Every structure is written in C-alpha cells, then in structure tokens.
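What follows is chain A paired twice: with chain B in the first complex and chain C in the second.
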Partner chain A sequence: MTAILLPVVNGVAFAMLLFIVASGLTLIFGVMRVVNFAHGGFFALGAFLTFTLAAGARLPMTEFALAAVGASLICAALGMVIEVVVFRRIYHLSHTDSLLATYAALLILQGSLTLIWGNKPRSQPLPADFGHAVTLMGVQVASYNVLLIALGLLVAVFLWAVLIHTTMGRMVRAVASDRTMSAALGINVDLVFTGMFGLGVFLAGMGGALASPLFQLDSTLASTLVLESFAVVLVGGVGSVLGALIAALLLGLLNSFLVAFDPVLADFSLYIAMAAVLLLRPTGLLGSAAMESR
Partner chain B sequence: MRAGILRALGALLAGTSLAVAACGGVSSGGQASKAGPPIKLGMIDTQSGPVAAVGTDGEKGARVAIDEINKAGGVLSRKLQLVTEDEQLSPTASVKAVRDLNSQGVNLLFGFTSSADALAAVPVVKELGMTLVAAHASATELRTTQFVPNFAAVADSDAQSQSAAPEFLRQRFPDIHTWNVFSYDYLTGHQGWNNFTAQMRAHDSQFKVGKEVFIPQSATDLTPYITSMLSALPADSGATQGVYVFLYGAAEVNLFKQGAPYGLANRFKVILTQGGGYEALANTLKANTPSSWVGYDYSYKAFNTARNRQFVKDFEAANQGTPPDAWAEQSYESVYLYKAAIEKAKSDDPAKVMAVFGGLTFEGTQGKVTIQKKDHQALVPQTFTHFEADPGSAQGWKESETVVIWPSKSS
Partner chain C sequence: MGSQGIHSDLVSVPQNRPLLVALLPIPVAFVVGVALVGNTSQLYFWTTVAETVLFALSVNLLFGQTGMLSFGQAAYFGIGAYTVGLLASHQVNPLAMLALSSLTGGVAAALIGAVTLRTTALVFAMLTLAFGQALYSVTFHLQAVGGENGIVGIVPAGLGGIDLGQPRILWVFTAVVVSIGAFFLWMVSRSPFGRALRMIRDDATRAEMLGIPVFRYRLFAFVLSGAIAGLAGGLYAFVQGVASPDSLFWTTSGEPVIISLLGGARFFYGPVLGSVIYVAATDTLSQMTPAWIFWIGLGFLIVVLLSPDGILGGVHRLWLRYGTRALDGGRRRAR
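Right after this comes the complex of A and B.
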C-alpha cells in the first residue's frame, strides 16, 4: 500500500505547484491569445522577491505567507505595467511578433534578476513548522507538500468560482469568446485584458514564491518548471483551467510513479504524456470543451 | 583666410602629434626592447548562468596571481595580462571564445568549468596551435582518449578525486561499509560511481553497495528520488551507512533542501559530496547546511605553504576579507603553471610552452606541484572538509575538520 501511496502523494504535491504556475499561463493565452514566454521570468521574480521580503530567514508561516503574497502582488503590478506598455500594442500582430515580444520580456527579466541579486545562488528556508514530515495513511509526507496540495486545490476552486460564478468571470469569458462583440456591449476589453494578465502573472509569482523554499534561487530559475507548465497547458487544452488541473495531476503522477517503478523512463515522462494525449486528442484533454465554452 | 588658419592649425597639430608620437615611440620602444609587450593569458570560464561563481571567483584568483607576478617583475621581464571570455556553459560558445582569443593573438588559455565545453575546445586549440590549462574541468577523457599535448590540467581529475575518497574513508570512517549514492543519470555520473565502488572494493573487503539513485539532469522535483532512497534504507542506516553525493550546482542544493523535511541528512552516518565545489553547498544553504564532508582539491586552511599564505593574504586584501575558494585557487594555480612553463621554455610561443608541460614542476599553493608526462595532469592532493551548520556565526556554517589525502606518484 505504501508503495502506491507514496508516489501518489509526491505526484499530487508537485502537480499542484505545477498547476498554480500553468493556470496563469493558460488564463493569459485563453483570454489574450498570447503565449507568454515571460511567464518563467515572473516565476523566478516571485521566488527572488519572496527571498528578499523574507530576508532569507526561516519565518513563521504567517510572515512567510505575507512575503509570498507581497512578492506575487509586486509581480502582478509589474505584469500589468508591461501589459499596458508593451503587450497591448501587439495583440493585433501575428503570433510570431507576440512570441518575440514576450521572449524579449523574459530576457529582460532574467537579466534584471542577475543585476539585482547577482550570480551567487540563494536559498530561502522552509517556513517554521513546515520543516518536518507528517504521516498520512502510513506514508511520510513533507508537511510543506501537504500545504502545496491544499493551496493548489484552493487556487483551483477560486479560479472556478471567479470564472464561472461572478459577473467579472462572465465578462472575461465574453471577451475571450469575442472581444469585438464584448466591446460593443460595453465591456472594457482593455481593462479585462490588463486584469487577466495581472492575475496570470500573480499566479506565476505565487508559484515562484511557493517554490522558493524548495529550489536553489539562481538565474536559471526562470526556466525551471516552464517546460512542464507549457506541457500542462498543451495536454490540458489551451485556455482551459480545469484541463490544466487534470494535466498537472497526470504529469505529476506519471513522473512520480515512473521514478518509483521504472526510473529509466522517468526523464521521459513529460514527453510520454504529451505524445499520448496529443496523438489521441490534438486539442488537449479539454481543448475542445474550452473552445466551445468561449 | 579661414582655410589658411585651418591649414596652419592642422600643421601645428600634426607637428605636435608627430613630436608626441616620437617621444612616446622612444619611450615605449625603449621599454619594449627592454621588457617586451605583455604576455596575454586568455581565461575562458563561466561568467554567467547557474555556475557563474566558478568563473567569477576564478577570475579573482587569476588576477591575484597576475598582480603578484607583475609586482615581482613579470615573466621573462614581461608583464602578464589577462583577457577573459564567457564560457556560457556552452560547447559552441566555448569554441567561439577560443577562436576569438586566437584572432586577438591570445594563445595561452586556461579555465573551463565544464568538461563538455573543454572537450569541444581541445581539438580547436590543437588545430590553432594554442595551449589550454584546465583549471576546473575534471573529465577523464581530457587526460586519456581525447588527450592532446597542447593540454595540461591543474584541476584534479575524476580519477584522482575518486581514488582519494576511499583512502579518506578508510582512514576516517573504517566502520562504514555500506554506501549509497545520489548521482546524475548521465555518463559521468555513472562513471564517477563506478570508479568510487571499484576503489572502495579494493580498500574494503566488506564493502557493499546500498541503494543507487540516479537523477536526470532535467529533474526539478527531487522528492520521488529522495523517498525512493529513504524507503530502501534500514532503520539503523543513520549509524551504519554512508551516502556518496556526486551532484553539483542546483541539484546538490535542491537534494538537501527537499530532503530536509524527511530528515535525509540524519539517515546516514556519513555524507560525502564530491561533485560540487568547496563551500558551494554551505554558502547557499547557510544555517541549513547538513553535516557533510566535501571532497575537493583545495581548502584555504589546509596548506601551510609560503605560496598559500601569500595567496590567501593577497586574495583577502583584494576581496574585502573573503578567503579564496577552490575555483579561485585553481585559476591562481593555472597562472603560476604558465609562469613556470614560459620561464622553462624561455618563450611564450605556445609550441615551446606545450613542449615543457610534461614533467614541469612549480611552486603551488599545496607545495611543489608536478605535471605528469603521460597526461599533463598535475599531481594535486584532495582535501576533505567537514561542514556543518553554525547558526550563531555570520555565515551560518563552519568548517570543523580538514583531512588532506596526497596522491601516489602517478595517478
């Protein structure tokens, strides 16, 4: 039983971190049709800002949470500025142009990280009281991983509630479906775009903040989890938050089980999942549903 | 009228310039005939990316060596001059850097963090008639199958470090017979572990391999690998078993960060890491540094030689009191190797310099260093330093013990 439960818990915990990052990416693409390469830069920025706000110290959970939220809000504010100043001017251009613009933003963010924090790696300790393991159904699980699972589910419920059950969510879905008609009906499309870009970047920053106690903080952090996040978006179906949740779980569990039972294949788990799903459903798991819902 | 004034001014300026140039020419020509132009050493090392500290610290060490040598009169009465290029952890960028330096007339090279980059650069170095001293790259292939006479190494080879580790363990932990491993799942990772186990078997008839965990270089979430190791350990592993960690950079740090909630460090009697650099783990994890031994070829406290005392003093003076790490020392040593080779060859011509690499002896930080004839590898000792957390100190960690293992006469 332990042999099965251990990979399940490990896989779900990593999946939730992946989902938090990927949900921001899929939201931005779903609404604005922009593949945001700068997402990884905001992820790294969230981690470094958390390190700075926490002064690199082992803090009580409440103070670490404040640092993480503060870092995410700074990321969101910066993201909204970039959306207004740069990305708003490229929505009407081709995907190639938007790819180049977001890639340029990524390079600028990466360079800024090195300029501000230098080349030496940093480390943010786990919050106090989360530096141990707990026993769940006979399995030892890092308590911080339990926190990640809870937060991932919370983000999923929050996004579902906001997008499906609020007026703002209906406006967002309307803009995603037909921005010209939405504008004709009086919806401030620019405001929706800026708000959703800010939310997407907030999630990237939050992912980085939550990942900061788990990873060494260095200039390569901007590429950490980004490949996996793009895979989650593609497997789940671009623009679908529920699809991203399912895909993150699929990728996290597949990797965890392969490490446990067939380590040679573990390095290929990402590609195995992508190949299998995209061969059967080229639009991703919920890609069609997502398209229809627009 | 205006044209006339301009012509007069032009003539005046031209005359003044010629006079200044003539004076300068006499002066510099006089110096040139006496001292000659500077000897340029090209340093190709990582100045950016995840292991930029190797190159940036290395450059500090090289500059200290060059300052010391220039203050003492230079080499063959000529000053040394450093020219740097970023390795970028890329074989392509490394090859380009070699060609760029060659086109600038810089043909005596050193550096290289990554063995893969050095392996890509070596054929080009040979083709262009340059020389290369590996300051950090440790791959066996550079010294064996891919060896060229243009190459020499002050960096310890994988074979040297992995044969020193069992000797250290035999001396310091004779009761630990079962060893587990965390290593990268690529050729060097497997080779490193295979070398270690072969040497351990030769030293210890009771040696046993415990759990082997090989981690892909692309892995970010190490929890499944950590729990895979922990679930295979017996209850008393904390008193009876050791773990050999052959990782470096982010993976080494992430292993201990992500393993901390599971008490990873407490599940072994001995943790020995050899992949990462001296202090790299402790400097990143600070007060969360696990009690562990780090094997590397230099520790600034380990050698009481005149050269090392001078190096540490000059390095600290140039770097706000920060002592040198192994990367700084390896670059420092590379410059002194070139000094000795140029003096022995009586020339900075790369062909003449490479001809004297084999059998060259020079005064290094660890004492007299000899370059082997067969593979141009410097015979350097290994230091094993025990690091542990020290929350009361400013840096958060301390070195509590250092053991030096000297190599055999040929390794």
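Right after this comes the complex of A and C.
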C-alpha cells in the first residue's frame, strides 16, 4: 500500500503544478491560437518575484500566499502589456511564423532575470507551516504536496466555473470558436484577448510562485516545465482545460511511478507514452479536429 | 525573376547560370582569405558559422520549403556527432566518418519519419520533439557513450597526411564539406522535387489532387534533412571536439528554426544569413554582458515586428517596392 500511495500523492502533486502552468498555456493557445514560448519565461518570473517579495525568508503561510499572489499579479500585468505591444501584431501570422516572436519574448524575459537578479542562483524556503510531513492513511507525505493538490483542484474548479457558467466565459468561448463572428455580434475581441492573455500568464506566474520553494532559482528555470506543459496541452487537446487536467494527471502519475521503480527509463518512457497518445489521437484526448491544421 | 513571380517561387533563384559562375570567385576568395589571414578565434568563429549554416539549411528544407516544423532535428544532428565520436578513436578516414554520420542520421530519420509523418502541423512538431527527447534521454543515461558527459577529446584522424586538427586546415575542410552539402540542397530546392515540396507547403490537398505523392515526398524530404543534419553533426564533433547529450536536446532543435526565421525561412539563403547573424550576435554579446540573452531577444523582436518573414523577406519587399520601380523607370506598379 505504502509503495503505491506515496508515488500517487507525489505524482498528483507534480501533476497539479503542471496543470496550473499548462492550463494557462492551453487557454492562450485555444483562444488566441498562438504557440506561446514565452510562457516558461513568465513561470520563471513568478518564481523570482515570489523570492523577492518574500525576501527569501521562511514566512508564515499567509505572508507567503500574499507574496505568491503579488508575484502572479505582477506577471499578469506585464503579460497584458506585452500582449498589447507585441502579441497583438502577430495573431494574423501562422503558428510557425509567430514562433520567432514568442521565442524572442522568452529570451527577453529570461535575460531580464539575469539583468535583475544576476547570475547567482537563489532559493526560496517552504512556508513555515509546510516544511513537515503529514500522515495520510499510514503514509508520510510532504504537506506542501497536499497544498499543491488542493490548489490545483481549486484552479480547475475556478476555470470550469468561469468558462462554463459566466457571461464572460461564454464570450471567451465565442471568441475562441469564431473571432470574426464574435466581433460582429458586438464582443470586444481585443479586450477578451488581453484579458485571457492576462489570465493565462497569471496561471504561469502562480505555477512559478508555487514552484519557487521546490526548484533552484536561476535563469534556466525559464525552460523548466515548458516542454512538459506543451506535452500536457497537446495530449489533453488544445484549448481544453479538462483535457489538460487529465493529461497532467496521466503524465504526472506515469512520471512518478517510473521514477520510483526505474529512474533510468523514466524520461524515455514518458516521451514514448506521449508519442503513443498523439499517434493514436492526433487531436489529443479531448481536442476537436478544428485545431489540428493551420 | 521579376515582381510578377508567384509566391511559391520566392525560393527559386535567377535562371542565370553565367552570372552565378561569375559570382563563384567571391565565396572561394572568402574561404581562402579567412584561411590566410584569420587568427585562431576568427577561424573558430567562421568554422562554427559554416557548420551552423549546414544544420540550418537542412532544417529549412523541411521548415521553410516543405512547411513541416520539426522540433526533433537535433536527434539526427546528435546521432551524426556521436557517430564521429565513436569512430574517431579508431583512426577512421574523416570522409568515411562523415559519410557514416550522414547515413546514420538518414536512417534514424527514415525510421522516425515513417511514424511521425502520419500527422501534420503542431502534432508533428510535438511528435518529432518526443522522439528526439527519447533519444536524448538514451544518450544521457547510456554509459557506453559517455553518459551525461558524452564523448570528449575528439580529434579527427589525418586525411592522407593532412592534419585536420590544425584550425586553418579544419576551416578549409569544413568550408568545402558545407559548400558541397549546401550545393546539394540548392540543387534539390531547384529540382522538380523541390518545387513539389513548396507546392505541398502552400497547399498539401491541392498537391495530392494533382498527383504528387505527398506522404512519400514529405518522407523523402525528412530523410534528406536528417542525413544532412547528421553530416552537420559529424562536422560539429570535429570542430568542437565533443559529442554530448546536449547536441540532441530540444533546444538544439529550436536553434536552426529560429535561425531560418531570422534570415527568412522562405528563402534558400535565409538560413545562411541567419546563421552568420546568430553566431556573431551570440558570440559578441555573450562576451560583453551576462544578460546577453535579453539583447538577442530584443533584436529578434525588432526583426519580427518590422518584417515577419525574416530579414530577406524585408529586403525582398523593399526590392519589390523600390528596386523594380527604379529598374523599370516606374512603369510597372509595385505589388
């Protein structure tokens, strides 16, 4: 039982972190139809801003939460500025032609980390009440992992409620499915784009904030988790938040079991599994065929 | 080609053979000039540029010309590098080693392409990425090929008494191999096959309807690209002296794509221009500031905002607007 439960908890915790980052990516992808390489840059920025706002100290939970929310909001604000200044000019390009622009944005963000925080790696301690293990059905699991699982589920429920059950959510889905028709019906498409970009980047920043106690903070953080997030988005189906949740859980659990039983084969099997899903279902688990081409 | 040329023909070159022959002395003079007067760091710089050019051209055969974004070309590049790395200690003839690099790269591309080409667009990009990363993790964990350190201290064996370890000679050797590879790709791009690839890029359905075997042509382009990437990887192992897992990592796949976009992916010479600018910019800026990535990113952003189809795309548009008008005395309206 112990041998099963521990990898499950750790896997689900990693999956939730991955989901938070990937859900932002899939929203941007699904609504604006742009492959946003800069997402990893915002993830790293969220982690570094949390470090600065928390002054690198072991804070009580409430203060750490404030730092994390502050960092995510700064990311979102910056993201909206970048959307208006840069991304708005590249939506008319194809997926591949806009790569250079989003890649440039990633490099700029990554370079800013070095400009602001220098080359020295930093580290952010866990919040004070979460440094210990809790006993769950007779198994010792890290309490921070339990927090990650709770927050991931919260984000999932929040996105589902907003996208499915609010007028704003309906507008977003309308724009995602046909932006010209939506504009004709009086929806302010530009505003929806900027807002969704802000939300997507907020989620990237939040992922970074939550990951800040788990990773060493240096500029390579910008390419950490990006690949996995893209995998989650495509395996789940582009634009599908529920798909991203399922895919994150699958990849997270697979990874955690493989690492527990055979670390050498872990990476290899993960990529092969990902390839297998995409070959069997090119549109992803919950994707629609409309997104495949273009 | 005048301003009336159709979009698909942007990559083609003037049908002017005497002109090309007349221009040939320029690159030859350049190679000889650098070999004669270049110091060690200049030689290293241009050798790196040359090897980058070949890799970027191989990737752009897929990306710019066939319209297939592969994010896993580092796999074939890396396989080529490892082929040289494993053979180098056995005193194998360098030309034979490069031929084998190309062969192993091509065979790997044939196997992976046969599976991944069942999909298109972003799924294809992600699948090539997945297989590339799978190979990366194999080399990373396999102690037989040096694990995470890779194979270091690669010194090419002599070529009929000529010492390739000498930077000047290595430059000339690299320049010759890259020129042959580039000329081959240029011939491919000009051939009916190359035209068919651009047709597939512009409209795959129409190409299929007109009787072009789209899957087979895409696979053939993928194998060619992998073989040339393997050759470039073999040269990389000569020039840098190492074959490491890093050369198979996905960021290595991204670099030639970015280089092609920077120079102009729709133009045959785009990756060549892109490589020179990219290597020069990273080289200069990384010596000046630790935050060099910031300035590179800013430069790319300016290029893409001013000219989304790369530097050559911008030049081409300026030429259509002003150059042709000047030539025709303003009679023909610019598009």
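FYI, the second predicted complex is superposed on the first by the 287 of 294 C-alpha atoms of A that agree within 3 Å, B and C clash if a C-alpha of one lies under 4 Å from a C-alpha of the other, contacts with A are read in each partner's own complex, and residues count from 1 in each chain.
Here is the rule we use: a contact is a pair of C-beta atoms (placed from the backbone, for glycine too) under 8 Å apart; a residue touches a chain by one contact, two chains touch by 3 or more.
The structure displayed is predicted, hence computed values, not measured ones.
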| item | value |
| --- | --- |
| Chain C versus chain B on the shared chain A, clash or fit after superposition | clash |
| Which of chain B and chain C A:119 touches, first, second, both or neither | both |
| Touching partner for A:259 - first (chain B), second (chain C), both, neither | first |
| First (chain B), second (chain C), both or neither touched by A:22 | neither |
| First (chain B), second (chain C), both or neither touched by A:132 | first |
| Partner chain in contact with A:282 - chain B first, chain C second, else both or neither | second |
| Which of chain B and chain C A:272 touches, first, second, both or neither | second |
| First (chain B), second (chain C), both or neither touched by A:219 | both |
| First (chain B), second (chain C), both or neither touched by A:105 | second |
| Which superposed partner A:244 touches (first chain B, second chain C, both, neither) | neither |
| Against chain B, colliding segment of chain C, chosen among 4-12, 22-30 or 40-48 | 40-48 |
| Residues of chain A at both interfaces, chain B in one complex, chain C in the other | 114, 119, 219, 267 |
| For the chain A and chain C complex, residues of the former touching the latter | 35, 86, 89-90, 93, 95-97, 99-101, 103-112, 114-115, 118-119, 219, 223, 227, 230-231, 234, 238, 264, 267-268, 271-272, 274-275, 278-279, 282-283, 292-294 |
| Residues of chain B that touch chain A when the two form their complex | 48-50, 52-53, 56, 185, 213-214, 216, 218-221, 223-225, 227-228, 230-231, 249-250, 253-254, 257-258, 260-263, 283-288 |
| Contact set on chain C toward chain A in their complex | 63, 67, 69, 115-116, 118-123, 126-127, 129-131, 133-134, 137-138, 140-141, 250-251, 254, 257-258, 261-262, 290-301, 303-305, 308-310 |
| In the complex, chain A residues that touch chain B | 2, 6-7, 10-11, 13-14, 17, 56, 58, 114, 119-123, 125-126, 130-133, 140, 142-145, 213-216, 218-220, 224-225, 228, 255-256, 259-260, 263, 266-267 |
